[in-house]
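Note that the chains are named A, B, C, D, E and F in the order they appear, and that numbering of residues resets to 1 at the start of each chain.
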Amino acid sequence: MTHRVVRTFDRPAADVVQALAGFGTATVSEAQGRRGLMGPFMRPIYQPVQVAGPAVTVLCQPGDNLMIHASIETCRPGDVLVVTTASESTDGMFGELLAVSCRAHGVAALVIDAGVRDTADLTKMQFPVWARAISAQGTVKATPGSVNVPIVCAGALVNPGDVIVADADGVVVVPRADAADVARLGRERVGREEQTRERLRSGELGLDFYGLRDKLKAMGVEYID
Amino acid sequence: MTHRVVRTFDRPAADVVQALAGFGTATVSEAQGRRGLMGPFMRPIYQPVQVAGPAVTVLCQPGDNLMIHASIETCRPGDVLVVTTASESTDGMFGELLAVSCRAHGVAALVIDAGVRDTADLTKMQFPVWARAISAQGTVKATPGSVNVPIVCAGALVNPGDVIVADADGVVVVPRADAADVARLGRERVGREEQTRERLRSGELGLDFYGLRDKLKAMGVEYID
Amino acid sequence: MTHRVVRTFDRPAADVVQALAGFGTATVSEAQGRRGLMGPFMRPIYQPVQVAGPAVTVLCQPGDNLMIHASIETCRPGDVLVVTTASESTDGMFGELLAVSCRAHGVAALVIDAGVRDTADLTKMQFPVWARAISAQGTVKATPGSVNVPIVCAGALVNPGDVIVADADGVVVVPRADAADVARLGRERVGREEQTRERLRSGELGLDFYGLRDKLKAMGVEYID
Amino acid sequence: MTHRVVRTFDRPAADVVQALAGFGTATVSEAQGRRGLMGPFMRPIYQPVQVAGPAVTVLCQPGDNLMIHASIETCRPGDVLVVTTASESTDGMFGELLAVSCRAHGVAALVIDAGVRDTADLTKMQFPVWARAISAQGTVKATPGSVNVPIVCAGALVNPGDVIVADADGVVVVPRADAADVARLGRERVGREEQTRERLRSGELGLDFYGLRDKLKAMGVEYID
Amino acid sequence: MTHRVVRTFDRPAADVVQALAGFGTATVSEAQGRRGLMGPFMRPIYQPVQVAGPAVTVLCQPGDNLMIHASIETCRPGDVLVVTTASESTDGMFGELLAVSCRAHGVAALVIDAGVRDTADLTKMQFPVWARAISAQGTVKATPGSVNVPIVCAGALVNPGDVIVADADGVVVVPRADAADVARLGRERVGREEQTRERLRSGELGLDFYGLRDKLKAMGVEYID
Amino acid sequence: MTHRVVRTFDRPAADVVQALAGFGTATVSEAQGRRGLMGPFMRPIYQPVQVAGPAVTVLCQPGDNLMIHASIETCRPGDVLVVTTASESTDGMFGELLAVSCRAHGVAALVIDAGVRDTADLTKMQFPVWARAISAQGTVKATPGSVNVPIVCAGALVNPGDVIVADADGVVVVPRADAADVARLGRERVGREEQTRERLRSGELGLDFYGLRDKLKAMGVEYID
């Protein structure tokens, strides 16, 4: 039950990450059975933005960003830093200097269930961040935590090496072992949706398209003119 | 007390809707006695945006968008879809496919006391949405609700055919029977404000303009240098 | 314990305000020991935006903007209006007409722990506002309050003449007596950060730069490969 | 669109109110199709407590209890005062003196989507209150509102004369026209539940009792040992 | 701008504290012009409970209770410990062991804008606590803060030596310099209320008692039968 | 990625559960390194109450309690039912009838990150519940979920067979593999605390006892008289 920094872990295949990067969070979460979404309070600091990459996980004491510093050397280009705190916090644990360091090591984005600061600079740098809060409140470097252990971030379980997909709608976690399947199911879903889109565009009703009229009748919903 | 879909209801005159569309929510809510505003958590997903139209109302089970599908065929061009849930929810009940369907039927906008997804696509389509939340969380089509019954949406009572006015400041509901009067009062208000604006711009104080100095004195407010 | 309007108070030196205007809220709050920040729910209504100026403080009854009107004649060009309410409120106490009046008197910005309306117009005018909420809900002019007394706004103590610094990250209050020192410490901090930035950009780790490896070891954090 | 005090309105039959008073809010809301519940933030200030009675409705400006005073003379013994504000507020609009006045006029309880104070005294008096907040913050008597008009209180529509049922679980509104039917359906539901209770007590599973095993199979839920 | 522990400060006269202890928070806050109340999220962990005493103020880093330990030796019998954090936190910074220590030094109660734990034990000890949250989450002792400096706690400004009055309705702060006046005004208020209570109890309406009928008429409120 | 009901899983040794039942959540969470606590919004519906037992985990669609019914036959006497929803919900998914069924199967308690109803009856039955909300809002039985899979409940990861410890301060999860160690560390902690308690009771300061004076000096905290 001591704290630890795990330096190595398995990452998903690059082509699977690449495939998932092509889908939005809605498609990905549907493809894996409506699971793995972080809470809707996780918002991008600027838009448009879309990202996918393997998770490097960080568990911090609230108000303390020591373990973010400890995590950087475990990152590889394309990784997404995923940070949570032992209890809820909005402090600005990450700012422009850490983003410069992240970029130097190829980190693709930050997902943080806490606060972020220097958001004007981060926007200029186009360093993507999804956060619970924007706050200039500084933090200390005084208390241990862990890196690359399983964490709960914004209500979702994240293991190091899981794929993080994030866009304008929020953030979803794809377990590493499921990533290839989810990519395949996502492709199928996108294909089906294209057909649906055309029929809806032509004026066909979802009610007919999905066969919902009988369902409504069976449920006893009355139609009144 | 069964659920029902009401197919027909009275809409306000087109010129009245047109007139209300020219005012912001602040003007409209003032004109009707500071009533009818939805809560400030109802935010547009993109800006600038401004809309007015008759309400088609939808009552759903949380996490279930079946009745949104049932509502589309009751819509006419220019209508605003107003969706609420039986209890609070942030699930993404509406996305790009439903927006395509809405657009095919002329629906002007969506107001939803729940979540919305595919917001990047909706922004590209310029389909206006005011929502409580942005969330990729999908929903089911399993439980009945009602269409075009009186609903409470984001704290405001909405009857089908009421006029919805929405802009950067939020959403306001104008009862159909009051719409013509509110449009007239709005026009008068805008006229008066133009005069006020000029005097304030020239440096005159609201304190003098509104005759508030005597009021402050009567209330016992002391001036100290 | 009566209410009062204080017409005169000491302002900080113009060059000190000018110096603080060059720093973001993160730098300023760090420079004064991580103190003085308002809560992260205080958000700018548009971006980019950055402002610094002496505070004119206003205490209102919730749902009542009488004292904002009373405050305008105590403002000098460059001042920042800081408004709080006796209890939490999101009502739109300030809109475009008040902004026109503010501009006529040189007020630089508004910071309000309540709601604001006409945000599309305020954005067009480029009148900077940081607020708890955006709401078209109107207010009355019926109950007394005070102007230029010490207030608590969004969790921060503000005295008239304190320097308000606000940017994309939020709002910070610098006590007037500390303003020159904070400006100097901010300058030093910015200098140090420039050096840090270069080293981080070159790939050096914060872990090494800040000497955190020994700290982690002393805390018993284990490294695992 | 002026404000008004409506002195007379139809109340439900006493025996219907009496019948509804025998059921909890869960039974009543189920009996009317899972509708009419106020939000779960409406909590009783003491327990145990259970009440039913016709609604007298009050619409106030936030921070202003003038219209509560105006409402008392429209109350009859057994009525429940239902108070809402034009926008969200937690101010203590009602305290011990108003409860003494209510009791003198036979008012059975208070339901208020705002704050209440003197809660220790109200508990001693056993005057039942359901409120959003407990707060000593006082209010003014400066701004008009309405009495016995339709209001939205804690997310539920309330018309004067509707039956309010409240207990440890919260508050539900029964439209006056539905009250007799709901009382009958509640009785039937309670009867059915007594049988269910016995079978569940004996160890029978809801899964079997409600015939859910086939449903799970049809949905594709897998059983794993 | 360094952190500091101030060991000595002026306390209010014992008889003034004693007098304020006889009033509830509603009376005290009204007596000082509806000011000084902490937010309604500050709740007692058990009831009934009522307390008054001079404030010892503590400013902590969130998730760190070091400065609570530092504050105890500055306490005198009857003091109330008032704790705030640099940013919002719900961690359990105070538990049974600290309460034992507090009691050994005569501390009368704790008011904390953060979390508290061991609440079952604290209730058994009858050690009064008002807190934002109940949480078992532990804290560290790693970061400096200050003792007996002005702080903002739950939205209220507290200086060391101010009188804290707390009861079932929440917490109010009386500035030391105003304490004697507030006690006198509280006594007068209680006297007046006793007369009001008798008249309301006899059935007289507040509407008549406070002369509000003319006010309603002047405001244009219509009466409808 | 289909839904499933896992019927069998390993439970911790009875004596370990028994040992953990003797400690509060504060002791248990400290013993395992300040980890595993659910959020502070999880509150018991009555007090005093304290419970420990192996977790049976349930994942439901919000507003749907089908899977709670499916979970009962996987429970053994002493188990604690732990229920979460795919997205945030306050609906009353569990009431008196389900509690009767639970009791018939020996279920010791319910922990639910959603709502509960019939709380007066549950209190009479002394069936312990920790919940996010109390709400009479009913739910449907229409959408599949899973039983005894890993879930995130109120921010904490729960695997079936983990030990749930819950008391007046909230809920903590002990991983099954760590349970024996945590029980041992908890015993040691309680022993140490007894000694600390005596010294604090005698007036010794935590400042001296924990050796914090030097720490404060090293941090540069100034003492001022």
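In this text, contacts are C-beta pairs under 8 Å (C-beta built on N, C-alpha and C of every residue); 3 or more make two chains touch, one makes a residue touch a chain.
Bear in mind the structure is a predicted one, so any value in this text is a computation, not a measurement.
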| item | value |
| --- | --- |
| Chains contacting each of chain E and chain F, listed by label | A, D |
| Shortest contact path, chain B to chain C, counted in steps | 1 |
| Whole-Å gap between the CA centroids of chain B and chain F | 42 |
| Between chain F and chain D, distance of the C-alpha-averaged centres to the nearest whole Å | 31 |
| Per-residue multi-chain contacts in chain C, two or more chains | 2-3, 34, 37, 86-88, 90, 135, 137, 143 |
| Touching pairs - complete list by chain label | A-B, A-C, A-E, A-F, B-C, B-D, B-F, C-D, C-E, D-E, D-F, E-F |
| In the complex with chain F, residue positions of chain E that touch it | 2-8, 66, 69-70, 72-73, 90, 92, 95-98, 100-101, 103-105, 115, 117-121, 123, 133-138, 141, 143-144, 146 |
| Residue ranges of chain E touching chain C (in the complex, touch as defined) | 1-3, 32-35, 37, 39, 86-88, 150, 152, 155-157, 178, 181-182, 185 |
| Residues of chain E touching chain D in the complex | 24-26, 28-30, 34, 37, 40, 43, 47-48, 50, 167-170, 172, 193, 196-197, 200-203, 205-207, 210, 212, 215-216, 219-225 |
| In the complex, chain D residues that touch chain C | 61-64, 86-91, 135, 137, 140, 142-143 |
